[in-house]
Amino acid sequence: MIEVLYFAWVRERIGLPRERITTDAATVADLVAQLRDREERYAMAFADLGALRVAVDQELTDFDAPLKGVREVAFFPPMTGG
Amino acid sequence: MIEVLYFAWVRERIGLPRERITTDAATVADLVAQLRDREERYAMAFADLGALRVAVDQELTDFDAPLKGVREVAFFPPMTGG
Amino acid sequence: MAVRVQAEPFDLGAEAAAFAATLSAGRRDIGAVVTFTGVVRDDTGTLQAMEIEHYPGMTAPAIQAMVDQATARWSLADALVIHRYGPMQPGEVIMMVATAAGHRGDAFAAAEFLMDYLKSRAPFWKKEITEGGAHWVAAKDADEAALDRWKP
Amino acid sequence: MAVRVQAEPFDLGAEAAAFAATLSAGRRDIGAVVTFTGVVRDDTGTLQAMEIEHYPGMTAPAIQAMVDQATARWSLADALVIHRYGPMQPGEVIMMVATAAGHRGDAFAAAEFLMDYLKSRAPFWKKEITEGGAHWVAAKDADEAALDRWKP
């Protein structure tokens, strides 16, 4: 069971801020592929991975990061703080 | 008649902060040569021109600056503000 | 080395004074204090509000990691980062970085480094609300490129 | 664009707050405020006092010319320079630069430019008074070299 979080327009497109997902995905990319297959709103949110960033257990990482032992995955657009 | 000002250790070596000098010197360098010839304390203060800076009418300039029409010349070490 | 992530407005002058006060208490090796303050800008006069979303669990640790990097890289006596989230008005302070060091070079470099990283690596997202609607501010290529100068 | 040359101590927080207040009154094109504050440092614990001499007729106009150069070179909304002269104690504030701009790059660059020029081109001379006596602080090669980066 992984806690999946969405922020900014990813959250708005998917329509919820977080959800618990039971998955056998080996990597973040695998998880994204499973999410895309769920519903149109997920497919839309994950249409362009180049426009997305991912954090695994609250650390920025890449889409090929492994999910073994991971508790939390977050998807969001490039940050715009400061 | 030119108002000549001295700052920091130049002032201390010469022993006064300012004086009025009547001179026919054409350039700052000529004025320095005349001052050096005056007394030992001037010769000491102007021993190394590389260690000095000059302002003419309150603008930083070089030792070959002309003195025609000038009202004020100031001698001092490199600045250390900020 | 303090990091604060908060919704509440704060005052540049009060924070700068408090930062300087902790410095001047007891230590005499500080010659330079730099502050950067980010303000909600409204170039076109159409901005009604700015809203900043963040990632609560990640934000403060991510900023602390940036401060730790800055401390490892430059000779810093102290550093402070305050970043707000939630709704704010044009003219309001969004965030602030302060650095203190023996020499100005370290204080300036660390403050610019922290700003560049906060812009592109801290989990904040800005939304602009105008009469025409709301939109998420896009990341700028220039902000991403600014990180290059800090590569070892 | 204010320049103040004064003997009186001043407070970083109060000056930063006043600078920001004039900015936020009415204009909304400012996104970045940078301050630099110089403090009397005493690394060795032997400094009793610092004394700064200056060239009264030249100081303020020379600094104003630097501010004008900065304004011509970067897109600045406002700038402030305060520099003290006379005696001061370790830990006291010597001087301050503040810049305000639409974007952080302009505000940082103008503040660093002003600092580099103030260090080597404004007519101030520092004297350190220690138990062992008084001596004039020598100009640093590094401060002179710092000006090179601003050459066009």
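Annotations
In order of appearance the chains are A, B, C and D, and numbering begins at 1 in each one.
The rule is simple: a contact is a pair of C-beta atoms (placed from the backbone, for glycine too) under 8 Å apart; a residue touches a chain by one contact, two chains touch by 3 or more.
As the structure is a prediction and not an experimental result, all values here were calculated from the model.
Looking at the partners of subunit A and subunit C together, they share no chain.
Touch-path distance (fewest steps) from subunit B to subunit C is 2.
Mean C-alpha position of subunit B lies 26 Å from that of subunit D. Centroids built from CA atoms put subunit D at 22 Å from subunit C. With centres set at the average Cα position, the gap from subunit A to subunit B is 72 Å. Computed centre separation for the pair subunit A/subunit D is 48 angstrom, with centres defined by C-alpha atoms. Taken residue by residue, subunit C touches two or more other chains at 38, 104, 115, whereas all remaining positions touch fewer. The set of subunit B residues touching two or more other chains comprises 82. Listed by chain label, the pairs that touch are A-C, B-D, C-D.
Of all residues in subunit D, only 38, 52-55, 57-58, 61-62, 83, 94-95, 115, 118-127, 136-139, 143-144 touch subunit B in the complex they form. Residue ranges on subunit C touching subunit D, taken from their complex, read 11-18, 20, 23-24, 28-43, 45, 47, 90-91, 93, 102, 104, 107-108, 111-112, 115. Those residues of subunit B whose C-beta lies close enough to touch subunit D in the complex are 5, 7-9, 11, 55, 58-60, 72, 74, 76-82.
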